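Both complexes below contain subunit A, partnered by subunit B and then by subunit C.
For the complex of A and B:
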């Protein structure tokens, strides 16, 4: 009986695959074309040349890359302006993704301890919040943090500003760039940029962490308790190590996602602390109109993201092998 | 080692009473099995003993010291979970030494102790393995070694054999019992498998619907069941409904003698039980029922003979294989007076 089944199986399975060999090939070509073409175009253009006042032309020059790393006037003069923008892109993205995952983790953990019904209500709510566009969210935070109508006004009216001044905290906030001589201010600041960015990806963080945390076997934490681990030790010695890979994975995904954020940076970051993504837009569509340099910056941003993913992959493999 | 004492333990989940007024005295060094069908509250009771659940009422004390509200991590009770709950991010040795690491034992010392314990469960060659690389039986041994690492005052096992196949289960029952006797540690095993309970336990607590039905040695539970539930749940039994008549039981047209005479008022509805191996074919004297053979299951050392009597169907386990039997044969079944257990029968059950 089994032998008969085995004999039939190889004959039966390849049939559906063989029916449309050209169809699936054509499909693969279309998808491949749509995916790869823009990508290759950007890479090719990044080696092109800007024509003053008339767009750009095909070429093979490393000038755009050189300009990114050491400035256009190298070797006479070295500037790190563009590297600095990349640094800020990394800086905001790292802090915002870590902040989002750190705050989403306890929330998601508690969420998975709720009843099934409560969990689904929360998840639907969080999924629904994903439909809000970045522009909409940034506008909301813009109002909330603006100097004349938002939190700073609330600080002033409620007397919190005076209290901060009396206790000396106001000077600390000024040092951090979160206050002008009269009142607290959140725009423009790193604080507002990072806060809004992490808010933006927070629902993603919950959704990325949810599967791992809901799969976490409650008997693992109970076993740790019976072996003398108090709540804090259970967290550090069982829960965190068990979901470590999910935490790293979620942080990385959000980090790569945030590396390209545009609206938040434009609205909340100080002009001197703008990011590569903003610079790419300016080069391609904005004031400078230098598509090849914009393309080079885009490629560098992409390679940076890929590099971080590769490092993470390597770290994960190493920790698994240990 | 001092014993564990449970007094009037109750656990409610909303309107549901999972454990109802359970009082137990467990001697130090003994292995007690909490036995009952699923949903009878035995695991909830074990979890309360471990400190993983708070009782709604009642108290738990160990060696005279009240530990009812003591959190699990301060009890020093080792527990083996049904799923084994081994930490997937630690290797076998680190799993076993977990309790010692938590307690701040120096690393070398903890590793040495882990090695000792793995030796005890015959897994010392597997110390560096990851949990994913172990079979079910090996995982169970690791879980046992891990629970013993902190030298627990009480050793708790929640359905420890349920994840193992039948053959391995029998071997592990014997092994676990020998290990427990060697260490002399007070142990509580939750199980729904009466064979497992009878193999391992010094005393069995039979539970049903959150209550203790009977507590005693395996032999006492088997041979002197205190009620119909225990008689039915532990081993096999034939049940017949009858009425008391002057210390005897009237079953239809038959009057059965009981020794000692049943202590019920005349006319009380009762249910009697007799083990299949206590009833016999043929024989003389009192308590003979005519019966017709309906089925014979011959499994070698013993034959299960299914019979239809005038008072209902019954099974006789016959280890004396000489008498040839065919379906339809008419035989006499003797029910020895001393082997008949008489239990009160509730009136509503008569109606049903």
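For the complex of A and C:
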């Protein structure tokens, strides 16, 4: 939504030769209305009151927010269930976005060293893969990680399962939740969740890093090399500092994008490790019809994302000022 | 739950859009004649609704001359929200809706959504057990239409058939191997109440509910999949990711008939049975036609027709129908566990939050 807000700003400011001042004002109003109304509605609903066994009604109560932090049964019992879900949302999003950027970085760097023609073929291919929806990607990985059609089958047929059992590693995998008594299993697991999430945003990572890396002046690295710096030294003292901001920016954008992942988490994460996004959907569309609590969770998720972006903005400004 | 029922129906259909096309062409094909008596009936979409349109509605029109306009309802809970908003706006999309019992009770508590039925005009409802005719303060508001059973299933190639649900708690056999439904009200608690406690009574106190949930927590190490969509469980049984769990009896029969290693079992405690009721919108002007329709579906012959064509369990005693033992076995069995609907609603937030905490270990 920050992207939308940013996009709104130039629209609101009149163009230098505004031949249609009323037109641009109307445009600003429409965009403002479309952006702001749903948010206001969600915020207002988040103060609503749940009626047990029925629906909910308009009200002004902080109970839904209180429930998020200490649970519905407070003060008799305290639970951090909802905070735990927020934690997992952050945990998956951080790991998956960092993993995606870390793996996309060397790939994109090497990509920019290729011929123009090869670069455009790769970029078209990567752009095309963006058209795959989350559902489609999750389905693919679901099959790949399934017992009879995917990796576990490969483990069994290749004898890796037997080898693991002989060497005792199988017991370790069972402790990690990556095996049942018969074979290895990858669903449900954090491994599958994070893997799929980073796969999901990997093309975005490449496309976000590409402009910065392709603008990288080759004469800089060449100069460093002629002065005797090894490849590792060139990477750490020339390339990385130049593209640092792009790396941070890409990671943040992917992080915010992944905070709201739904399908991946529903399919690959066990219920103990599911996220706020899943809980929001369950509250609003599930049998309890608890839209106010769903809205409150959505607002908290939004505030969290905004908070992270603000911190990042501040850090960036500070490093630029130096 | 009906919610998942709907998903399954959607899956089973070859193409939902085909249903939409059929509906559109049906409407073009039969222009409404002013004097024709008509009724709008909503049912869960896809395969389910198509079966109604192909088999049940034509039989009803043939018997009474009342034309039926079929309306797609996604499931119970979402439809209740739609009907609530439509009623507030003063114009509803259907006369009759099909609600699961918990949604019906919820609608009754929300108030002003469902009109009471004239039971004198529905004499054949006498075929149904009184439990399936639901009355609230305003009168009888729902008459049972059809039911479904969520049963114990196992992979017969991997394990022998358990005699009791209690065997699922044995980690030496089922460690990380079961698929159970993730929803707090999808009847695992009812199964536990019937297996280890005093049945529905256990839900009467908070302590009882906590004890049920603690027992469910002991099952966690054996559950590899907590499914939310029916298709997840179907795939996991087919792939061998799970070797047992909780699933719909009729779909399990269909899968077994297709040659997959799945067997649906009635253990000694039984399986939970849920059902849908016909409810009349408070804004409907077709109460007479609705009563005739409900009367028609309450007849043993219609109940048998629905079992054969839609795969639902009859709500009348099987002995009054002409269903063969085999036909009945493919849609139902005995004994059945009746879910503690009222408790799930009265203590909604408490049970949901305690259940979620149990799942999350928080």
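The rule is short, and it goes like this: the second predicted complex is superposed on the first by the 294 of 322 C-alpha atoms of A that agree within 3 Å, B and C clash if a C-alpha of one lies under 4 Å from a C-alpha of the other, contacts with A are read in each partner's own complex, and residues count from 1 in each chain.
The rule is simple: a residue touches a chain if its C-beta (ideal position, glycine included) is under 8 Å from a C-beta of that chain, and two chains touch if they have at least 3 such contacts.
Model, not experiment: these values are computed from the prediction.
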After the overlay on subunit A, what do you see for subunit B versus subunit C, clash or fit? fit
With both structures superposed, pick whichever of subunit B and subunit C touches the larger number of subunit A residues. C
By the touch definition at the top of the document, which applies to A:79: first (subunit B), second (subunit C), both, or neither? second
In the overlaid three-chain picture, which partner chain does A:146 touch, first (subunit B) or second (subunit C), both, or neither? second
First, second, both or neither for A:181, with subunit B first and subunit C second: second
Is A:241 touching anything from subunit B or subunit C once the two structures are fitted on A? First, second, both or neither. first
Scan A:233 for contacts with subunit B and subunit C and give back first, second, both or neither. first
Have a look at where A:222 lands relative to subunit B and subunit C in the superposition and call it first, second, both or neither. first
Smallest separation in Å between any Cα of subunit B and any Cα of subunit C in the superposed model? 46
Within the complex, subunit A is touched by subunit C residues 1, 3, 77-78, 80-81, 84, 102-103, 105-106, 109-110, 175-177, 182-183, 185, 224-226, 228, 232, 235, 238-241, 345-350, 352-354, 356-357, 359-362
Contact set on subunit A toward subunit C in their complex: 50-55, 71-73, 79-81, 84-85, 142, 146-149, 174, 177, 179-182, 185, 187-188, 266-267, 270-274, 279, 285-290
What residues of subunit B sit close enough to touch subunit A in their complex? 50-52, 71-79, 81-83, 85-90, 98-99, 101-103, 146-147, 149-150, 156
Complex interface listing, subunit A residues touching subunit B: 217, 219-220, 222-230, 233, 237-238, 241-242, 244
